[in-house]
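After this come two complexes, each holding chain A, first together with chain B and then together with chain C.
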Partner chain A sequence: MSVFITPLFVVCVLLVGTYFIAVIEQLLRLGLRSIGIALTLPLANAIRLLYQEDLTPRGADFFLFRSAPFIALAVVSLVALVIPLGPTLIAFNPSIGLFYFIVLLSPFVVAITNAAWSQNSKEGLFATFRAAAYLISYEVPIGFAAIGPVMATQSLSTQRIVEVQAGLWFVVWQPLGLAIYLIAALFVSFRHPFDSALAGSELEGGAFAEYSGGRLLLFKIALAALFLLLMAMGVVLFFGGWQGPVLPGPLWFALKTFALSALVLWLAHFFPRLRHDQMLTLSWKILLPASLLNITLVGILTLTIPVGR
Partner chain B sequence: MIGSGKSGARSGLSSRVRRRVYRYIGIDGGAGATLLADLAGRNPYLQEVPVPRHADLLLIVEPISQKLVPAVITVARAIPYPVRVLIVGGTDTTSFTDVPLANLDALFPEAQRVSAFSCEQILQTVFDAHEWLDIHPPALSELEETIIQLPTARELATEPAVLSLGPLQAFTSGPLRLFLVCDGEQVLSTQVETGYASRGINHMLVQADWQQGLRLARQFDPLTPIAGQLVYVDALEHLQGWQPSIHVYRCRALALALERVQNTFWWLVRFARLLADSVLTQHSYQLARDLAALCSQLWQRPPEEWILPHHSAPGVRESKNTLAQLQRVLRSTAALQRYVERKRGLALRSRGIGILTVAQLKRSGIGQGPVYNASEHGRGDVQSRLVIRARDAVRDLQFAYDGIAELAAQPELDTDIQAVSWDIPIGETRTEVVGPRGTIELHLYHRERKEPDGPTQVVWKRPSVPLLMLLPELLAGQKLADAEVILASLDIAMVEVDG
Partner chain C sequence: MSSGLIEWLIFLSLAMIAIVTAAGMIITMSMYRAGLALMASFVALAGLFILLNADLLAAIQVMMNVGGMLVMVLFMVMMMMDPGGEMMWGMKRDMHMRGPGALSMHMPSGPPPPEEQEGQLDAGAMSDMDVQETEVGGHDMSDMEMGSMTPRQNYTMMVDMAMSTAQLPWAIVLGVVSALLLVILLILTPWPLAGIAPTQDASRVVGELLLSRYMIAFEGAALLILAGIAGAVLLAKRERSRVQTPPETKQRGEQP
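Up next is the complex of A and B:
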C-alpha cells in the first residue's frame, strides 16, 4: 500500500510547497500589502497555462521535447524522497541519503538540456551549452559544502544529520558552508541571478522558449520544487531539520524551509542577472576555493570540538 | 457585520482566482516604448512575457510599418491558442498619401482596439472585454532571406552561429534587427537592419501645411514630443521673425528639461528590466510614474497647446504642492544616482563593457549628448552612461525646481494670446534643441509657396543615427550577453533613425 501512498504523499507535499514558493515570490515582488493577489496569482497562472494550447515546434525532436518536463518532474520527485520532514516522516531513509540527493540532482540538468536542444533553434542550443556548463560548475561546490555537516556527523544519512544537531545547529560553526551551499543552490535551481540559461533575454527565454501550456506548467513546477528541495536540504544540513521546541517536527521543518527560501529569494533580488562567464568564474575561482577552505576549517573544528559525536 | 465581512473576503478571494490572467507580448512600432515599460508594472494580472509561446495576448502599439508586418504575423502565429490581439493607438495619417504604414484592422479584423496611449484604457479593455474573439493570424508569404556574410576560415575556428536579435526586442525604443555572428558566446561581427519603424515623417511634413506640421513634428520621436515640436516651432518662429516672450521661453525650457528626465527614467526602467535588477527597476519605475503624474498636473494648459508660436506662457497649478512633489522626486533621483554609481552588483554587469572613446565618437560626428559626455567625463562604458544620465536627470530636475519656484513667485504671466496668421516668407533656417539623446537639429526649407503652404524640404539631424552606425564596431568582440546591454545603454530611438 505504501508503494502507492508514499509517492502520492511526496507529490502532494511538493505541489503544496511549490505553491508557497510561488506565493513568496509574488510577495517579494508585489509587497506584503498584496497578500491576496500573491495567494491567488499562482493558481490563476496555473489554470491559464492548463487551458493553453500545448505546441511542439516544427523540426523539434518530438520525444525529447515532450518528455523533458516529465524527466524534470520525476527527478524532483525522486530527490524529495530522502528529505526528513519529521522524526519518523521520511519517504526513504537510506544510509547514503545525502549522497543520493546530490547524485540525483544531475539528471535535472539533463531535462533542461534535452528541452533546450530538442527545440531545433540556435537560442536553444546556446541554452543547452550554458546549462551543461553550469552542471559541471555547481556540482563541485554544492558537494563540498555538504561535506561539512557529513564530517561533523560522520554519516550520510539525512535523518542522522538532523539528529546530531539537537544541541547546536551546524550553521553556528559552519556559516561559510551555508553561504556556499545557498549560492550553489541558486545555481542548481536556475534561479535569479543565475538564470541566464532560462531567462537571458538575448536567448529569448532560453531553454523554455518553445514550451507552452501544460508542459510549461510542469517545468515551472519542477523548477520551483527543485528550489524548495534544495532549501529543505539546507535546513537539514545547517538548521537542525525538523528539530524545535513546542511545535511538531514537520511544522518546524516547513517554517524553517519557507523562511530560508524567503531569505534567499529576498537576498537574490538585490543582484542583476549575472553573465554566464561571471557565473562560472564565481563557481571555479571563488566557491571552489572557499569550499575547500570550509572543509579544512570544519575538519579542524571537528577534531578539536567533537560536536554531536 | 463580521459575517458579511468574511463572506466579502471569501468572494473577493474566489473572484481573484477566477479572474483571468493575461500574458502578453508587446510589439512596439516605435511609439510605445514608454507605454509598454509602464504597462509591465501596472497590474499583476497582466504579465509581460519574453516569448510568444508563453503569451496569450498580442499587444501591438501603432504605427506599424509595412516592413514590420511579417514579424508581427510570425509572432501572432507563434502564440498558442486561444490568441487575442489588442491594437493600441493609431496615427492620423489618413490625409497623407504614400505613408508606409500597415493597416492592422485588415490584418486582424477580430482584434480589440484602444485609441489612446493610456495604460488605464488598455487595462480596462483587457479585463472588461466580455467577448474576446479568437484570432486566426493570416498566412505568411514567402520571406526574403537575408544573406549574412560569415567570417572566412580562421585558425582553430569553431563553426560560427548567426543569432538574430529583433526586430521585436526591448533593447531600443522601436524595432531594430541585429544579426550577430557569434563564435560561441563571443560576437564576431554584427549586421544592422533598420527601416522597421519608418513612417515617412519627412514626406508627411512636406505634404502638410504649417499648422499640421506643428502637430506632426510631435511624431518625429513620439517619446520626446515636446523636443520634436519645439525644434519645429523654433524654426517657424525664426522664419516668420517672431520672438517669444521671456516667460514663454522659460516655460519651454522647463517643459523640455522635464521631458528629458522622464525619458531618462523610462529608459532606466527598460534597462533595469533587461538586467533583471529589481531594485533599480522598482526605484526608476516609481520615479517615472511620480514624475509623469507631476507633469500631467503641472501646467494650467497642456504643453502641446502653449508651446506653439504666439501662445502665452502658462501658469503653474498648485505651485506649493507641486514644488514639494518635485523636491521629493529630486531627492529620490539623487539617491538613484548614488545607487548607479556605487552598486557593485550593477557595476559587475555594466563596468568595462561597450567602451566608446571620445575619438571614436568624434570620428562618427558625435560631439554632444549623454553618450559623448560619458566618454568625455568618464570611462565611456555602460556604467558611465548610466551615471551620466542619472546626473543629467538630477541637474535637469534642479533646473525645473528653480524655474517653477520662480514662475510660482510671479503673480501674472503674459496673456497676449493672438490668432496665428501664417505668412512664412521664402527662406531657410536651422534650429536645434537638446533632447534626451542629444541635440536634435532641424533644417527647414521654404523655397516656394504651394497649396497648402508648408515646408518644401525638411532635414532632421538625429542623435540616434550616428550611434547606430557605431554598433558593428562597438559590438565586435563583446560577449553575447553584453551585446544587448551595450545596445540598450545607447538608448537609440528607432523612429528617430528611420523617420
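Up next is the complex of A and C:
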C-alpha cells in the first residue's frame, strides 16, 4: 500500500509548502501588517486562474504546448522524493540521492523550453534560447557547490549528509559553498534576479506568454515548488536538515526551510534583473572559479579537521 | 499483485515508450519534436536501468542525454531552416502525400524521366506526363499550383525533398536481420553475472575503479576535453577579431 500512500503524502506536503512560499512572497510585497491578505491572496489567485479559459494559440505545437506543465510538475514531484523530512521520513533513499536531485533538475528546463518553443511566437523563441542557456550555466556551479558537503560526508546519500551534521552545520565552514548554491538555486528556479526567460517587462512573460487558466496555474505551482525544494536541499546540505533540539525533526526542517526561503527572497529584492549575457558572465567567470576555490578549501579543511567522521 | 508481475508491467511499458518514441523521432517532421522524442527514448532507457538496480547508470544516462539533446535541439533551431517542420507539413498537406509523417516523403521509385527539350511538349507528351506523375511516388498532383511542372522537374524536386534514401528497403531488411541476430545471441549467451546481487554503493566502486584500474583512460579523457575547450576558445577568438567594430562616435551621433 505504501506504493500509493507515499506519493500522495509527498504531493500533499509539496502543495502545502508551495502555498507557504506564495504567502512569503506576498508578505515581502505587502509588508507584515497585511498578513491576512497575504494568507488569502494565493488561494484567490489560484481560483481566479481556474476560472480562466485555457487557450491554445493558433499555430502552436499542440502536443508540446499541452504537455509542458505536466512535465514540469512530474519533475518537481520526482525531485521531492529524496528530501529527508525526518530521521525515517524519506520517500526514496538511494545511495546517490544528491546526484539524483541535481540530475532531475535538468528536465525542468526542458519543460520550460518546450512551453516557450511550442507557442509559436517570437517572445517564446527568445525565451527558449535563454532557458537553454540557463541549463548550461547553472549545472556546473550547483554541482560544484554541492560537492563540498559530499566531500565532508564521503557519501551522496541525503540522509547521511544530514546525520553527519549533528555536531556542526556545514554552513559554518563552507559559507562560500552556500552562497554559490543559493545563487545557482535562483538560476534553476527562474527567480527574480535571473528570471529573464520569464521576464514580464521585455518578453511579455516569455515562456508563459501564451499560457492561461489551469495550465498557467500548474506552471506557477511547479515553479514555486521547485524553489521550495531547492531551499529544502540547501537546508539539507548546509543547515543540518531535520537536526535540532526539543522540537520534532520535521518541524525543525520546515522552520529552517521557510526561514531560508524568506531570507533569499528578501535579499533577491535588492538586485535588478540581470541581462542574459550578464548571467552567463556571472556563471562562468565568477561562480565557476569561486566553486573551484571552494572545493580546494573544503578539501584542505576536511583533511585537517575531522568533522563527524 | 506479486512484485514480479509489477516489474514485468513496468518493463513492458518502459520498453514500449522507448520503442515508440524512437520511431516517433524518425517519423516526425519537426526537428524540435524529433530531438525531444530521442530524449524521451533515452529517459525510458534510464528507467530500464533503474529496474536493473543500476541507479547510478540511470542518473548518468538522464544527465548526459537530457542536457545534450537540449543543446542539440537548440543548435537545430538556430542553424537549420524550418526546425518546426511547418513548411514540410504544408507540402504534405497540399500534395496529398500518403503515409505517416516524414515517411510519406520518400524517394521516387523507378528511373528518372528523360529531360524534355523546349517546344516538344505536345499532346502526347502531356498525357504521358500525367501517367508518370501518378507512378512517381503515387502523388496526386492534379490540384497543385505547381501542376505545370514537367515530370523531370517533379522528379528532381521529390529527390531534393525526400526524407529517406533509395536504399530504404535494404536498410529495413538489414535492421530486421541484425535485430534477430541480437536476440539469438541474447538467448545463446551464458550470462555469468546474472546470479550475483547488485552492488549497494555503485558510486564508490565506480570512483575507485576510475582512479585505480582505469586511471590512464580517465586522465586521458580529461586531457582530450581540455584540448577541445582550448581549441574551441581559440577558434571563437579568431572569428571575433576579424569582425570590425564600428567607431563609437558614429553610434553616438545617430542617437537622438
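The rule we apply is simple: the second predicted complex is superposed on the first by the 308 of 309 C-alpha atoms of A that agree within 3 Å, B and C clash if a C-alpha of one lies under 4 Å from a C-alpha of the other, contacts with A are read in each partner's own complex, and residues count from 1 in each chain.
The rule is short, and it goes like this: a contact is a pair of C-beta atoms (placed from the backbone, for glycine too) under 8 Å apart; a residue touches a chain by one contact, two chains touch by 3 or more.
All figures in this text were calculated on a predicted structure; none of them were measured in a lab.
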First, second, both or neither for A:D54, with chain B first and chain C second: first
Chain B versus chain C as contact partner of A:L64, first or second or both or neither: second
First, second, both or neither for A:S212, with chain B first and chain C second: first
Which superposed partner A:F271 touches (first chain B, second chain C, both, neither): first
Partner contacting more residues of chain A (chain B vs chain C): B
Chain B versus chain C as contact partner of A:P107, first or second or both or neither: second
First, second, both or neither for A:Q165, with chain B first and chain C second: neither
Partner chain in contact with A:I96 - chain B first, chain C second, else both or neither: second
Residues of chain A that lie at the interface with chain B and also at the interface with chain C: 125, 129
Chain C partner contacts - residues on chain A that touch it in the complex: 59, 61, 63-64, 94-96, 99-100, 102-104, 106-107, 109-110, 113-114, 117, 120, 125, 128-129, 132, 135-136, 139, 156
Parts of chain B lying in touch with chain A, wherever the complex brings them together: 12-13, 16-21, 23, 44-45, 49-51, 53-54, 56, 80-82, 161-163, 165, 169-170, 184-185, 272, 274-280, 345-346, 348-349, 479-484
Residues of chain C defined as touching chain A within the complex: 30, 32-33, 36, 39, 43, 55-56, 59-60, 62-63, 66-67, 70-71, 73-74, 77-78, 84, 86, 200-203
Residues on chain A engaged by chain B in the complex (per definition of touch): 26, 29-30, 34, 36-37, 39-41, 43-45, 47-48, 51-55, 122-123, 125-126, 129, 192-193, 195-196, 199-202, 204-205, 208-213, 216, 269-278
